[in-house]
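In the two complexes that follow, chain A is the common piece, with chain B as its partner first and chain C second.
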Partner chain A sequence: MTDLLIIGAGLSGLLAGVWARRQGLRTRIAATGLGATHWHAGTIDALGYLPGEDAPVRSPFAALTRLTAARPGHPYALTGEAGLREALAAFRTLLEKLGLPYGGAANPDENLLLPSPAGAPRPVYLAPAAQLAGDMSRPEPYLVVGFQALRDFYPTVIAENLTKLGFRARAEFLPIELITDRRDFSTIDLARAMDSADLSRLANALKRVAAPGERIGLPAILGLRRHGQILAALSEAVGAPIFEIPTLPPSVPGLRLTTVLREHFERDLHGRLDLGMTVTDFHAEAGRVTWVASRASARPVRHRARRFLLATGGILGGGFHSEPRGRVWETIFDLPLTAPQKRSQWFRPDFLAPEGHPVFRGGVRVGPDFRPLTLAGEPAFENLWAAGNLLADSDPISERSLEGVAIATARAAVTSLINTDV
Partner chain B sequence: MFNADTWLPPEVSLDLCIKCNICVSYCPVAEATDLFPGPKYAGPQAQRFRMAGQPAPDLSVDYCSGCRVCNEVCPNDVNIMEMNARARAALVAEKGIPLRNRLLGRNELLGKVGSRAPRLANFALHNPVSRVAVDALFGIAKEAPLPRWSTTGTFVDWWEKHYPHRLISDKKVVYFHGCATMYYEPFIGKAAVAVLEHMGYEVIVPPQNCCGLPMLSNGEFKAAGKLYDNNLRKLGPLAAEGYDIVGTSTSCTLTLKEEAPHLLDRHSETTQALTHAVWDIFEWIRDHEDELPRDFIQMEMVIPYHPPCQYRAHRVGRPSMDVLALIPGVEVHESHARCCGIAGTYGYKKEKYDIAMKVGQELFSFILEEEEHHHTEFNACDSETCRWQIEHGTGQESRHPIEILAAAYGLYDLETRTTL
Partner chain C sequence: MRAIETEILVIGGGVTGVGVAWDAALRGFDVILVERRDLAHGTSGRFHGLLHSGGRYVVKDPVSARECIHENRILRRTHAHCIEDTGGFFVVTPEDEDSDYPDRFVQACAETGVPCQEMAVSQALRREPRLNPRISRVFRVPDASVDGFQLTHATAQAARQAGARIFTYHQVTDLLVAGGEGDVRVVGARVFDAVRAEEMEIRAAMVINAAGAWAGRIAGMVGSRVDIVPGKGVMIATAHRLVNTVINRCKWPSDGDILVPAHTVSIIGTTDVPVADPEDLRIEEWEIRKMLAEGEKLIPGFARTRILRAWAGVRPLYRESAVTDDRDISRKFTLLDHQERDGVAGFITITGGKLTTFRLMAEKTVDRAAAHLGPRRPCITAETPVPGAEHGPYWLGHRLREVEDGRLQNQLICECELVTRGMLESAARLNPTVTLDDLRRDVRLGMGPCQGGFCTYRAVGVIHELKLGHGVTPDTEGSDWRVADLQSPAGNPGRGRPPVSGPEPVSSLADHLYDPNLLLRDFLQERWKGVVPIVWGQQLKQEQLDRLIYLSIMNVDHLPDAGLKSPLSDFYGVDVTPNDVLEEPHD
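What follows is the complex of A and B.
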């Protein structure tokens, strides 16, 4: 018998899988496909902006009380500051162990500011080691190096925008043949090519274009399998700090993050991950979910488990569905949503409104134990939990809190479901 | 459950695509060759430009192997592979079918002809001279792992001999053997019958013909439709009577369940009844786990296992792993590799052979590492062409999980592939 069935293989689903497995639960993950990490920067954004404010948040922890005052149902109000801190620390320890270390600002209470793919400042709580030398609090001037014919990375734009912000920055281009002689490539292809490329040619070319004292920003393509070695070897050979700047999707840092978590879950912890399985139905008896069913070729497959964790990512992840007139619903259990049910109320008139758009804040309301609630405020089912970005009251886009919410709520939900007798 | 009223052709799903490129990041063919731009480009992106009566916007879709890695990782349920398959069929309709693809599509005919004089046929096809000639004349790669005809008779030859001795029972199940078991590997069918009878089921082997998949994957939709309709005539009545139909070839069962009706737009009540009756044999065994005898012998073996691509389309998880895990002493190690490369008939084609071998590399390395670490003798995979490709790529023999299950009951010898 499966102890825990997790629905969704995004960051929250994968991490919940890892943490539950490590606690000895027989855990399975079923998901339609892979998640948002593939089009995000691979960083851990905990809280970058407060609702309605233009200036980035300096310390996500110090800003928590103001966030939860404005949004009392926010998932961080449920995890509390201690829960958020503990979960982020656990994530960091885990990724260190998996050979993809993450780091943060010198003051562990504060965010880093890193250059975005457009050269704008991006508040980030933890970043992969490869992005750390981009930190805007460091003194070195920026040299942003791109590759001719690489779509999806724009060094000149980045350097110009950094200059406007008051940094010393310039751009250079190198021939793509230093990495690959293939005709067409995505950033993923380049990262794979880097795994077997002759680094000395690239290092020599970088030395030729770099001025003494500069740090070098490259598109995030520094290897997939051998990423750590490539970063270290290249920095040493060039003799300058080297860092990655995220590109347009597909996101290599996001793919690295998904890959290490997935492989850890499946290979080290012998968890089962089934993709291509869209859960569409469930059965409950006496207030308990007994099985959920996924769509298959001839007949639905039933998945029985003691506990279920819903981590389907909401409107961005596919866990919610909507119709043109504006009704939005949760696709499996039809849990009550806080999302506005009229299309005219989904968006603010201003596309870049700092308050964000109401539809992205709508979601599943859960109790302090992370079990989804009915409209009457009771747990909808005794053995159903929810985590990640389907939760109500966080707006991952305007808050820059996508990964922080995923990590903190996955951790909290796993703790709760392990401590609940079912 | 499939519902004809809400079914939409795969092309409609192009609007679900958010251009996230996840599919491109995982497509093994796009990784292996520049000739294929990747699922997003060949699928939902090119689909916008495919109009009835207009020339195809891009011929590269022919390089899609059909492995469905894209469908599996896509977060938005875009039917990329099906879109590609239908675009290829449109190309075939526009440009005609090369003789080679006609040949590869006629697995059953080749099977029948070769079985008349299997030793001669094996020699005729498998000597170096003829392979060079077939390569040059038809474009079938001379290195590719073509199967060998059974020299001990076809599966149905055996079944006719077994028929009087078969288990008679109130519990009955229908067996679909497919072409590979019929002509090349009758022992797979024998192992399946042994296990099903051990479970207390009377096995019914009705007249049947090729499921039509090789033609579907080469874009020959008309000919495939004929085969499908023939099977519908032969199997439909059994399905209507409520019999389960199980198959040992993951591709045949998939074709009968879903691939043929979806690609060919067949959605009558009888096709739906057939869809609902068909099971992959391990999907069925897992579902009937309480009827599975536990009189296993202790097996002490590590089995490197590759779930074939077709399971991605069955969307039933990895049922053979679930069942083999019940055998004491058996440790199944999953490959986690994307594809063996062969993808039905893809890797047989001269221009695609190298791509297929490159795609298979991650699987071959896994099998060879397992051999080194655990001294494994066999690996396992549910699909026949995959097994042939794995053997070709690694030199290690491959078995169907049903052979392993039959061996675990002491009914089958894995070494000689004979029933005991």
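What follows is the complex of A and C.
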């Protein structure tokens, strides 16, 4: 019998799988696909902006009180500061061990500011080692190097905005032939090509365009499998700090993160991960979920487990669906959502509204033990937990808390479900 | 203040205005056209794309029907490349069976000369398998799908080649008047150049008011009363091309009874709501529901299909006397010679009408102007193909074939609509461009399923690199507009990659308006404006992905220059969030 069936293989689902497996639970993950991690920048955003405020958050931990005062049901109100700190530290330790080290600001309480692909400062809490030299508190001038014909990265825009923000920055282009001869390619194709490319040509070309003392920002394409070696070899050959700047999706840093977690879960921990398995239905008896069913060609397949963890994400991840009349619902258990159920209340007029849009803040309300609640405030089912970006009262994209919420709630939910007898 | 002179000043850069400029220039007049925004920014760029056969009007307005079929035949020659020859059906749905309309329709087609052929329902369903299988009769007519942006731009290019000068982003702030009581004469206009932020005077022997739904405001500047009832129509575009033929309901013209295949999408329209202000383009919730419900009658499942966008346009309906229902106001055009009508000389208003009949409207208008200014050469627009017509009608696959044949995949900036980097660069160089929305009208940037999610950042980057001299296409500044080629990946072959060194900044781009951050914010807001009225389901997920890209990854809400505004920033910022009015108001 499966001890834990996790529905969803985004960052929260995969991490929950890893942490539950390490506690000895027989764990399965069933998911449609790999969530939204490979769309994002590969950084760990814990809390970048408070609702409606323009200045970036300096310390996500220090800002928690104000966040939870504005949004009392926020997932961080449930994990608490200690829970958030502990989960982020556990994540960092895990990724170090998996060979994809993450780092942060010199003061571990604070965010870093890293240049975005538009040249704006992104407040992030942890970044892959490859992005760290972009840290805006470092003194070196920026050289942003792009590749001709790469349509997902525009170095002149980045350099111009960095200059406007008061940094010394300039842009250069290199021929794409240094990496590939293909006519059509994505950033993922380029990263794969880098895994087997002759680095000396690229290193020489970089040396030619770089001035002494500059740090070199490249699009995030520096390899998938051999990423660590490539970064080290290139920095050494060029003799300058080299760092990656995220690109338009698909995201190579996001794919690296997904890949190491997935392989760790499946290979090292012998967990079972079934993709292409969309859970659509469930059955409950006496307040307990007995099985969930996934779509299959002939008839729905039932999956039994002692415990279930819902980590299907919100609107972006596919955990919620919506229709013209304004109804928004959770697709498997039809759990009550806090999202406004009238379309006239979904949006604000500005796409970039600093408060975000109400529809994207609605979600599943859970108790302190991360079990989803009924409207009456009781656990909906004895053996169902929820984690990740489907949780209520958080707009992770406006807050820049996407990964922080996923990591902290996955950690908290796993702790809760292990300590609950079912 | 700068002052220039011309014989004829045309106000309005919709299809009517550019048609007048084209016709007048061909006859040998010196012509200037001013448009306060981009060409086709108003009604000519906000309709469903139907080139009428006349079928829609045969019963109700036979004069319009005759004009339509006459002009339909001409435009297929003169503007062939702006048209996709889809043909059209008039179908009798179960809702329309208990009516004698179909028989009256057949009879009226015969009387007005609109070719109409009844065909077997089974045959129609083979050609259009999504069509409601419960339809009882189908009539085939020569409707077509027409690209209003390209039609306007191609006509403007022809006008320029004939010597007309066309100034976009030039708003008329006042008309210049000479003479006094009983002898008033319009002698030009004061114009504000929104790009250079300066005023100028244009003096003209004749001013032609082709401002469409805004014509009443222009006429009001000299105290002439022209009652335009702006009739707002809402259209929605589906993510898929549901049909390859224009589908009309065979009934008395009403709301949501036309479905037009337009490039990669299909468009259903329209509602008809009188509004006080032609800028009032708000879309009501009931209008969306009505379009979905009416679409369902033509295509079962329509209401569940993915909707990309909704927009509204305003018909310039001219009210001769009190009429209650908008759609009963004549769709015929109206030519007002203000000298005869109000004693204001040197001033003509052309209004009403339909896109299909723009050439005829222009001909009659210039005939009238020539009666005052002295005749020149006769009208030859009916026999004069505009540049690009030699390519013949477009078809759905033309861009894909050119991309594949030319191996231009790595140049694709907008994958949804197959817009290459070369096309964008040419459009930015050759057409006056202030926002990315202008480029959208030129090359269909951002009009596909992701609604600018990926191409907004890319287009901003391309324009920025172009400005710095990193273009992939040769600089053809000063050459004629090649509007026909803008739509063509093969017509704008890039070198594949920008030069490594020696950038020469492109001087023709209005520098202060090319702030990349302003371009980004404007276009994101412009796209959002059209998505909000119809976003749910899959498209809501798409919008959340777009937020992930532009907020989480790009952080564009924290870029420098937050205070910069383009001439259109406020227009894009109008609140369009859906209201709670779910039912059509009855009065």
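Definition applied: the second predicted complex is superposed on the first by the 422 of 422 C-alpha atoms of A that agree within 3 Å, B and C clash if a C-alpha of one lies under 4 Å from a C-alpha of the other, contacts with A are read in each partner's own complex, and residues count from 1 in each chain.
FYI, a residue touches a chain if its C-beta (ideal position, glycine included) is under 8 Å from a C-beta of that chain, and two chains touch if they have at least 3 such contacts.
Every value quoted in this text rests on a predicted model; they were computed, and no experiment measured them.
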Ask   = Taking chain A as the common reference for superposition, should the pair chain B and chain C be classed as clashing or as fitting?
value = fit
Angle at the Cα centre of chain A, taken between the Cα centres of chain B and chain C once the superposition is applied, in steps of 10 degrees = 80
Ask   = For A:183, is the partner it touches chain B (first), chain C (second), both, or none of the two (neither)?
value = both
Task = Identify the partner contact of A:318: answer first if only chain B is touched, second if only chain C is, both if each is, neither if none is.
result = both
Query = Touching A:78, do we find chain B (first), chain C (second), both, or neither?
reply = neither
Key: Contacts of A:332 with chain B and chain C, given as first, second, both or neither   = neither
Request  = State whether A:360 touches chain B only (first), chain C only (second), both chains, or neither.
outcome  = second
Query = Regarding the shared-chain residue A:250, is it in contact with chain B (first), chain C (second), both, or neither?
reply = first
Query = Any idea whether chain B or chain C touches more of chain A?
reply = C
Query = Which partner does A:121 reach: the first (chain B), the second (chain C), both, or neither?
reply = second
Key: Partner chain in contact with A:351 - chain B first, chain C second, else both or neither   = second
Request  = Name the contact category of A:34: first (chain B only), second (chain C only), both, or neither.
outcome  = first
Message = After superposing the two complexes on chain A, what is the shortest C-alpha distance between chain B and chain C, in Å?
response = 5
Remark   = Footprint intersection on chain A (chain B / chain C) at 36, 39, 182-184, 249, 318
Message = Per the contact definition, I'd like the list of chain A residues that touch chain C in the complex.
response = 36, 39-41, 45, 54, 56, 116-122, 148-149, 151-154, 156-157, 160-161, 164-165, 173-176, 182-185, 246, 248-249, 251, 314-316, 318, 321-324, 326, 342-344, 346-352, 354, 359-360, 397-398, 400, 402
Request  = Please give the residue numbers of chain B that touch chain A in the complex, ascending.
outcome  = 1-2, 19-22, 24-25, 30-31, 34, 37-38, 68, 71-77, 254, 257-258, 275-276, 278-279, 312-318, 334, 336
Query = Which of the residues in chain C end up touching chain A in this complex?
reply = 285, 288-289, 292, 303, 407, 409-413, 421, 454, 457-458, 460-462, 464-465, 468, 470, 496-498, 500, 516-517, 520-521, 524-525, 527-528, 532, 534, 536-537, 540-541, 544-545, 547-561, 573-580
Request  = Enumerate the contact residues on chain A facing chain B in the complex.
outcome  = 30, 32-36, 38-39, 182-184, 186, 188-189, 192, 249-250, 255, 263, 266-267, 272, 274-278, 294-301, 317-318
